[in-house]
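The two complexes that follow have chain A in common; it is paired with chain B in the first and with chain C in the second.
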Partner chain A sequence: MTMTAVFAPVGRATLHVLATLGGAATVFGRVMRSLFPPRFDKSETWRQLFHVGVRSWPIVAMTALFVGAIMVIQTAYFVRRTGATSFLGYGVGYSVFAEIGPVLIGLMFSGRVGANNTAELGTMVVTEQVDALRALAIDPVRYLIVPRFIAMMVMLTLLMVLGDLFAIVGAAATAQGLLGFDWRVLIANLVESHLLDELLMGVVKATSFGIAISCISCYFGLGASGGAVGVGRATNHSVVANATAIFLLDFLVGWLFTL
Partner chain B sequence: MSVRIAVQHLTKTHEGRVVLSDVSLEVRSGEILGLVGPGGHGKSVLLKHLPRLLVPDRGHILLDGRDLATLSGFDLARAREGFGYLFQNYALFDFMTVADNVAFPLRQERSAASADRGGEQRGVASREQQIDLRVRERLAEVGLERAYHQFPRELSGGMKKRVGLARATVTNPSIALYDDPTAGLDPVTSSRIFALILAMHRKVPGCASVVVSHDIDRMAAIVDRWIVLEHGTIAFSGLRADLLRALASAPPDGLLRRFFGDPAALPSHVTSGATA
Partner chain C sequence: MTANDLPASQVKRPLLARFGAPVIAGYRAARDLGRLFVDTFVAIARGRASRKQVFEQAFEIGNRSVPFVVITLGVLGFITVYQVAHQVAQILPDFSMLGAAFIQMMCREFAPTITGLMVATRVGSGIAAEIGSMVVTEQVDALKMCNADPVEYLLAPRTLASGVMLVMLTVVGVVSATIAGMLIAKAGFGIPYQTFLRFDLVGVSDVATGVTKAFAYGLAIPVIAGQAGLQATGGSAGVGAATTRAVVNTSFAVIVLDFVLSGLAYVVFDK
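Entry: the complex of A and B
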């Protein structure tokens, strides 16, 4: 096997990652230019806020319910072994608010909204709808991208707060129904644990995920070419890149909160 | 007739393939320019360069003497407001109703001036009402007043083309570009589309129109001047009389004869110059 055969795929993958980073950063830069001063379509922004929120809250609520339920089961195992029942609320709260909740909700949101966004924009590109906007003297970034950016950033942040509430409900119901813990004790533990930092960390993560998902999904959507096959390929790349970005940002934000 | 658009030595490559090579042409005020040629030889690419939807690798596009490459983003957007563009694949916004699609250019216009043109005589108070009135008028002109509330997915190909035509011309643009307006349509609908294009062209004094099509016979009824594109270069450019002369001397298996056929067998409206 020659050196070229070994290093060429690595080089290609590196270039692909760099191109994605550069592309998403360019989208972010153009969004910022349209936001300061604000020059974007307000009615389209409201439409996107409604669509993203309404389309996503059921899946976020369901994910959060299960996240809460799973985390209480996992935490209960250690609590029972050590007899430290007062840590049940803290264990559930910490993992749900700061780690598992944001990541799983972010991944679900990325699959639901991010992939849909790439497919929608990609279809608009290959059917010349984006060209039609430009021909009508309308900047696609201001009309299509900025409203999606705002909608994803705002809605994922709000959905994360909603998800935290549903996760607590899921945890309390599972603790009471399946494990025999008093749900009121769990909630009291949670309140006494002072998990404001973890809650804040989760919200910051959600906001950063929203920014990343919108920029990445818009980048792949606008770069789609080659008809239906090209849109499918762009959507596939978008899902993979969004998942990678979520894990990377989860690490970065988590690390920043330890400083 | 004054020159509205001048294309100078335009060259465009795509993925290493030369799509357009040193193309120069003019689009003049008041004329309908027919752009024909085999599929994949650069007609649509050339059309997209005119409002700078594509950026040339080399060469210049001058709009009323101003090089589009030198315009700022703001000025380019203002320049594009003077264009109407009917896309090959309709390019209707599928999340909007037919009425919203047609109203879209009016709502997005920087000033209310264009929307006012149709409504001011009627004393209509609000701008939105004026736009609605204008949209209904234009939909009636293309025979689609009943499709007002429908979405593009509910329409046939011919209806989508007519909605695209209504949207492209609702602002009464001074330059209208039509990319294969009758592709995939039946003969009756095709004739109707060309008649509508001619009607829209006549509606705006001095309007410069460019039509890309393969439907030579119907196109000949409305076109003033022809350009034949082959392998990204201009194979022929001229008026009807020039075309007839070129056809008379063209080799039987040459591009012109293959496209336009035997000059003796051409329809009368091509040879006489009568318009529909």
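Entry: the complex of A and C
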């Protein structure tokens, strides 16, 4: 094996990562330029807010129910071994609010809204609808990108709060139904655990995921080329980049909160 | 635009129809998916998956996912150990159980499930995009014309490869997360490697649960993604919609399977 065969994949991967990072950052910069001062389509923004929120709340709620249920089972292992029943509420609350809840809801949102956004924009690009907008002197950033950016950032933040609520419901139902643990005690434990900081951290994580998902999915959507195959490929790349971004931001925000 | 194209909230339907329609649609989708599962498993059991295809798909699904899994699980190990150690340091500064408990949780829960979600994201959307593109460019019809069954030819090799490779990727995930956690435990909290790297909490039940989960996710992802791809209609918009549906459905399937298998494991390994 020659040296080229060893280093070429590393270099290619690095260039790929840097291109995605730069592309998403460019989208973010353009969005900021249209936001300050605000020059974007207000009615399209309302439409996107409705669209994103309504389209994704059922899957977020269902995911959150299961996340709460899964975490109560996992915490129950420790409770069974140590006998510290008061730990159940704290364990579930901490893991769901701060860590697993935001990550799983972010991944689901990336699949539902981010992938859909890339597919939608990609289809508009390959069918030359974006060029048509430009020909009509409508700036695609102000008309297409900024409304989606605002919608995803706002809605993922709100959905995270909704998700926390549904996770508690899922945890309480599983504790009562599967583990035979009184749900009122679980809720009381949870309230006594003072998890406001963790809740806040989860919501901040969700906001940062919303920003990242919108920029990355718009970048891949606008870069789509080559018909139906190209749109499929762009969507595939978009969800992979989104998932990586979610984990990296999860670490970054978590680290910032412990400073 | 007919009534069916409008968002459900804007259609005035009789009350019963509004509740019944999603139920019927859900039942039909579940029935179709069930049939596809049976067809795929029958094709695998009868040895219809070509060996060459299985190995090609195993490379595509397994080897090509390694960097993605190493990065995401590594970051997960990093952040989990960092946050938990931070909490432990405030309550009781005793880190002797941290590593053992972390490795147990990774084996039983997080490594299989997060790896499963990553494969659902990468491979699920990839399969749907690939098969969806084949459907809208009529390549699947061409396969049928040649008397080649799309399930045997496309889904069986992917399903077999994915089932095996997801177990392998989970092992990679456990190792990656443990190494990342070990490094941050040493760098951030001064926990020696020997204290962190303890496997005495990991029992047979934990490994069995983790492997079962990974294998189940691996079998479910290609079939669900394949169904989304096979139902694609109408050019690039259709392929995009199929890819989106595949990501959501496969990810959600992983979470539901996780709940079911976690519950089962809790009841079965009751001691």
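One rule holds for everything that comes next: the second predicted complex is superposed on the first by the 259 of 259 C-alpha atoms of A that agree within 3 Å, B and C clash if a C-alpha of one lies under 4 Å from a C-alpha of the other, contacts with A are read in each partner's own complex, and residues count from 1 in each chain.
To be clear about the criterion, a residue touches a chain if its C-beta (ideal position, glycine included) is under 8 Å from a C-beta of that chain, and two chains touch if they have at least 3 such contacts.
Bear in mind that the values here come from a model prediction, so they are computed numbers and not experimental data.
Per the definitions stated earlier, placing chain B and chain C onto a shared chain A by superposition produces no clash, and the two fit side by side. Using the contact criterion defined above for the overlaid structures, shared-chain residue A:Glu128 touches chain B, although it does not reach chain C.
Contacts of A:Ser208 after superposition: neither chain B nor chain C is touched. In the superposition on chain A, A:Ala13 makes contact with chain C only, while chain B stays out of contact range. Looking at the shared chain after the overlay, A:Ser193 reaches neither chain B nor chain C. Of the two partner chains placed by superposition, A:Ser217 touches none, neither chain B nor chain C.
Contacts of A:Ile70 after superposition: chain C is touched, whereas chain B is not reached.
Of the two partner chains placed by superposition, A:Ser34 touches none, neither chain B nor chain C. Contact with chain C, but none with chain B, is seen for A:Ala115 once the two complexes are overlaid on the shared chain. In the superposition on chain A, contact of A:Leu178 is made with chain C only, not with chain B. With both complexes superposed, C is the one of chain B and chain C in contact with more chain A residues. Superposing the two structures on chain A brings chain B to within 5 Å of chain C, judged by their nearest Cα atoms.
Applying the stated touch rule to the two superposed structures, the overlap between the chain B and chain C interfaces on chain A comprises residues 127. Of all the residues in chain B, the ones that touch chain A in their complex are 48, 51, 53, 73, 77-78, 80-81, 83, 85, 87-94, 104-105, 108. In the complex of the two chains, the chain C residues touching chain A come out as 7, 9, 67-68, 71-72, 75-76, 78-80, 82-83, 86-87, 101, 105, 108-109, 117-118, 121-122, 125-126, 128-130, 132-133, 136-137, 235-244, 247-248, 251-252, 255-256, 258-259, 262-263, 266-267. In the complex of the two chains, the chain A residues touching chain C come out as 13, 54, 59, 62-63, 66-67, 69-70, 73-74, 76-78, 94, 98-99, 104, 107-108, 110-112, 115-116, 118-120, 122-123, 126-127, 174, 178-179, 227-233, 235-236, 239-240, 243-244, 247-248, 250-251, 254-255, 258. Note for the complex: chain A touches chain B at residues 127-129, 131-132, 134-139.
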